[in-house]
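Listed next: structures, encoded as structure tokens.
Shared between the two complexes below is chain A, which pairs with chain B and chain C, respectively.
And then the complex of A and B:
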């Protein structure tokens, strides 16, 4: 009896001991998808984050940044759980989170329950996160999925001559946003999207999807990512698929282009659009690639940073620069920091980024084509660079609002 | 595996008849450890801060309630149902759909005192219907059919946008405010969970000794003989499913209030199996088992990553640590932690030559 009561007392004192923290540190919580379908993306995101710390350092005046990492699995539940753990257990003051689209929507909503803290989006790209009912303390320095598709539709229609396409995408907000951007532009140019297939995130068997792909289209657009994309490509190749492909931003990305096996070769020649292009000549980009490569041994990284690494780099950079502007002053519910974050313009590796009134990035977009570097490694080669892409994709905000929110069937294939 | 717990406590000659009857019904009133645990749970807000209070203890109680419903079915009814979390998730979704949430186009905006009973009733109905399907099967087939219901519900929520809002789920679910109290503040919410968990615990304890519970255990042990005695085994089983569904639904309502958000990840097949793990690790022979299992589960899930990093290992392998912990428990004791505890107690008792043997059968 005594023993067990002693045990309980020991347990409770153990629980209480975890709360002390040092004074001269600014605690930042980071989440990444280190589990599930998007594991590879989360890992490379963290590499981008680490690269930013190597380049910029962790010192803010006389304070030092301390980062605490929590893992999620791309579901909104896991993101909210991770963020709550970081805030309540680790007492972080600033959040760098999350990675994936639906996580972003959930974390943005959660951010409203903690108006005193600051949330910097790490990489998530659903449109709704900053477009519908944005949270005043949530800042996003990467573009959303639709912005990342700007240029692709016109290029496919005008240069490649595609007239009819079908899409296959993962059934959640980020890919809806990507297809939204593609359809608006492609149909606006006069093209037709005849068929949109949606598969659950984490699908392993694509046999029925592949069987249902229409034959009478010029190209098939793939909005898949991580393990799903690799599984699809393997099975598509086994099924003898030969169609022209177009890719979304996390499909044509080093997370897939560096995957093992030959299935990725189906992607050579695929056109895509994204917030970055692997072979861009810009000195800022080349410097970032070099820093990324120098930060990790070759076996523990991709040949070139993925979109997630770039996003994590950009968001970490914005946060550190803004913190330095205010000299680490987090008083008065971090008002100064929030002000600085809203106004800051960063020279991110993938072009200049500034925020709009909803604290959503306005940045540069890239149309790319997949090439083989001759040694078997695949890269996305830049075809076109489009600066100053805003969230309404150049539409008048009133017209844009009429299109509706991205979903399985929105937007309709027509000219708006 | 004898589960009739009431028959073996030490007779106390000085006690009067009422007291004896009370003790027969609630043997834990005689157990000082139970009183100590109860006391610690009640004063928990004094010793634990917000994180431990909600993320560890309230979460433990919520998961414990859901696993308790499985324990009731598996322990007293011999029916391993993997859909208990699905029922809980269904109740959570119904709270979000009928109540107030950030998705105004889906939520009907009913006040909580209307939405919550509605959610509980619908979830109980859902569980009862699922149970009515499952009672036609036994053993592994029950597991399969309930797992199928769970998996079907998961994929349905993932793909249905009209009611369940697909993969995004429903965000910013409103939580109850009444009597001038915001019941989602840490301390208030902790007491709500504790109260619900305690009611569920004692309800299961009570039902297990009531005629219905005894008949259910009879059906578990020999349904043919029970049928010959004039009982209707299937009706008993379906009633057990209904009772368990109500408990699971309570857990689900608490869960959605806790996270203020629900999405298919909450009802995934993995999460359904987590509930089974919780029940098995804790032990399905006693209602306290699921709560112990839930505490171990929550602690491992929350701290495995930190522990690995502290020892300089790759934090990405934290799932391995969780798995090893569960393997170890199940390996050393097929009855879960409860079984370990009982064996330890027995050894202690026999070595000190104490008479009576306590209440454990």
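And then the complex of A and C:
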């Protein structure tokens, strides 16, 4: 009896001393699409996140960050399920989530049910997330899909001389937002968008979609991502397609440009716009590319970070810097942290980023063209850099509100 | 045929009219009114051909599934994993050796071996216990999926199409007549035609093997009553292993085909498992002609759906499944 109670005392003292010496942790939940069509995007997003931790470290004053990762599959319910699990089971205090457009809208709405926690968007880019009824505790340090298309419409119309284009896109909010940005600018310049085709996310066989592409257009805009984009290109090549192509931000991206096989070669010369350009000469960007390359062996990464890696890097960076500003103080429902996040201006690899009143990023956009580096690797080359792109794309907010929310048919092809 | 017309004159008439309309849609030059109503003929013809060639791929996956089920009553829910595994093997071999054909052969052998191991180590131990088999194969499919994710990552792989198969061919099907009077013929990807022909050949070979050879006779006898067959001295376990190897190998071949004209990535396994389930439910569990019919119906529904009712394209296949389950639950071509 005595022996066992002695043992118990010894054990409990050991446990007590353990807690006394352990560092206080700040728990952060991260989600990424590590399943389904967007698996590759999620994986590279996590690489960007890891790169940020390598560069910035995990220490916040005398506390340490602990990250818990959950997987989603780009559907809104999977994102809410993952976030709920992170909050309820893993007791995270801060969320770095999610990756994809529809997920973003769902997580933003979910964020309202936990006003005490802080949500930092990882990479999702639907307009609605921060434009309609934004959540006060949801912060987005990447631009939305429409901002990422700024410059493309004008470049296509004025420099490339395209007058009529058709679009093919995945049927969900992020691509609606991308096409929204493109159509607004291209039609505003005087061009015509004759046909908009929408395919379900996760379409594998595009042969009939390809057959239905109109012949009488100057270029075809592709708003696809992940496996869908690779399948489209593969079948497009097999069908002998030869039209000029234009690409959305996750179409012309290392996730596609470094896919295995030759289908990606159909993209050489394609013009696109995105929140980054692989060959930008800015020292900050080059430093980030180096850090990314040094963080992983060559076979376990892309030649250059994808848009998702850049976004995860930027959002992780913003979170860590803001936490350091307040010295990890999460008291009073994390009020100080939220305040710091709203005000912080970060020197992200892809240009300076600050937030507007809706906690949506204002940043730099890039028009690019796909080039072959001579050794078979494809990169996006900078054509034009456009600083200070805001969510209303330079329109007067009242005019912008009249255009309506991005959808299959909005905006109309006209000058607003 | 004549008996069918005698017994169901009304149905026969409907079928004949439908075939005539389809033939007219395929061969005639469409009048402008029709083009205005449902779009260009090129789009329609492409969708039909795509549906049939996609059906060829579905048939390859589903025929193995239905063969295994027909003989052994094993519901092998790891069938999708065999498909994906075959695709990865085909990719590895064809990039390593540069030979597309060799990719098929090795994929067939490798996946057939996995099938043999599955049969010996799993199914033989739980013969006749449907629920246990189902649960174990679901578990195995999850384990396989994670193992493949570990080895191959989340990247998209495409099996390199040999250069002589890239690009379109001209088919002798008129799509329109230019204003100059010059006829416009349909251009169609060669690789899809070749793959479709290959699946037809495999289908016919399988049918012949089942209906015209001694081993086929044993397999058919086993489907009807395996206890009596075993009692006559046939080594039924050996037959089971062979059939399982063949069914798995076919899934492996299908993986290479799928990797050639679509792509391979995590998640494809469950997609093709679902597709083959739908195909065999529509066609009839255990029937090879049923799998062929089901595959073509599902392929056509997917492709025509994606062109004419893109929003509801996903629903159409399941709607067909629901209709079949409601009206003819044993499947379209199942034997009673």
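To be clear about the criterion, the second predicted complex is superposed on the first by the 393 of 416 C-alpha atoms of A that agree within 3 Å, B and C clash if a C-alpha of one lies under 4 Å from a C-alpha of the other, contacts with A are read in each partner's own complex, and residues count from 1 in each chain.
Everything that follows uses one rule, which is that contacts are C-beta pairs under 8 Å (C-beta built on N, C-alpha and C of every residue); 3 or more make two chains touch, one makes a residue touch a chain.
Please read these numbers as outputs of a predicted model, since none were measured by experiment.
With everything superposed onto chain A, say whether chain B and chain C fit together or clash.
With chain A as the common anchor, chain B and chain C collide in the superposed model.
Applying the document's definition of touch, where does A:124 land relative to chain B and chain C: first, second, both, or neither?
neither
Could you tell me if A:106 is touching chain B, chain C, both of them or neither one (first, second, both, neither)?
first
Check whether A:200 is in contact with chain B, with chain C, with both or with neither, and answer first, second, both or neither.
Both partners, chain B and chain C.
Contacts for A:80 in the overlay, against chain B (first) and chain C (second): which applies, first, second, both or neither?
Touch partner of A:80: chain B, not chain C.
Please work out whether A:239 is in contact with chain B alone, chain C alone, both, or neither, and reply first, second, both or neither.
second
For A:37, decide between first (touching chain B), second (touching chain C), both and neither.
After superposing on A, A:37 lies in contact with chain C but is clear of chain B.
If you stack the two complexes on chain A, which partner ends up touching A:227: first (chain B), second (chain C), both, or neither?
second
Can you tell which stretch of chain B collides with chain C among 145-153, 163-171 or 217-225?
145-153
From the superposed pair, tell me which chain A residues show up as contacts to chain B and also as contacts to chain C.
Shared contact residues on chain A (touching chain B in one complex, chain C in the other): 34-35, 43, 73, 171, 198, 200.
How about chain B: which of its residues touch chain A in the complex?
Those in contact with chain A are residues 32-33, 36-37, 40, 47-52, 54-56, 102, 155, 158-159, 161, 166-169, 171-172, 259-266, 268, 302, 305, 315-316, 318-319.
Within their complex, state which residues of chain C touch chain A.
Against chain A, the touching part of chain C is residues 39, 42-43, 46-47, 50-51, 53-54, 91, 153-161, 166-168, 187-192, 261-263, 265-267, 271, 302-304, 306-307, 310-311, 313-314.
Give every residue of chain A touching chain C within the complex, in rising order.
Touching chain C from chain A are residues 34-37, 39-40, 42-43, 73, 171, 197-200, 202-205, 207-212, 226-227, 230-231, 234-235, 237-240, 259-263, 300.
Please output the residues of chain A touching chain B within their complex, sorted ascending.
Against chain B, the touching part of chain A is residues 1, 4-5, 8, 12, 15-16, 19, 34-35, 43, 69-71, 73, 75-78, 80-81, 84-85, 88-89, 102, 105-106, 109-110, 112-113, 133, 171-173, 198, 200-201, 407-408.
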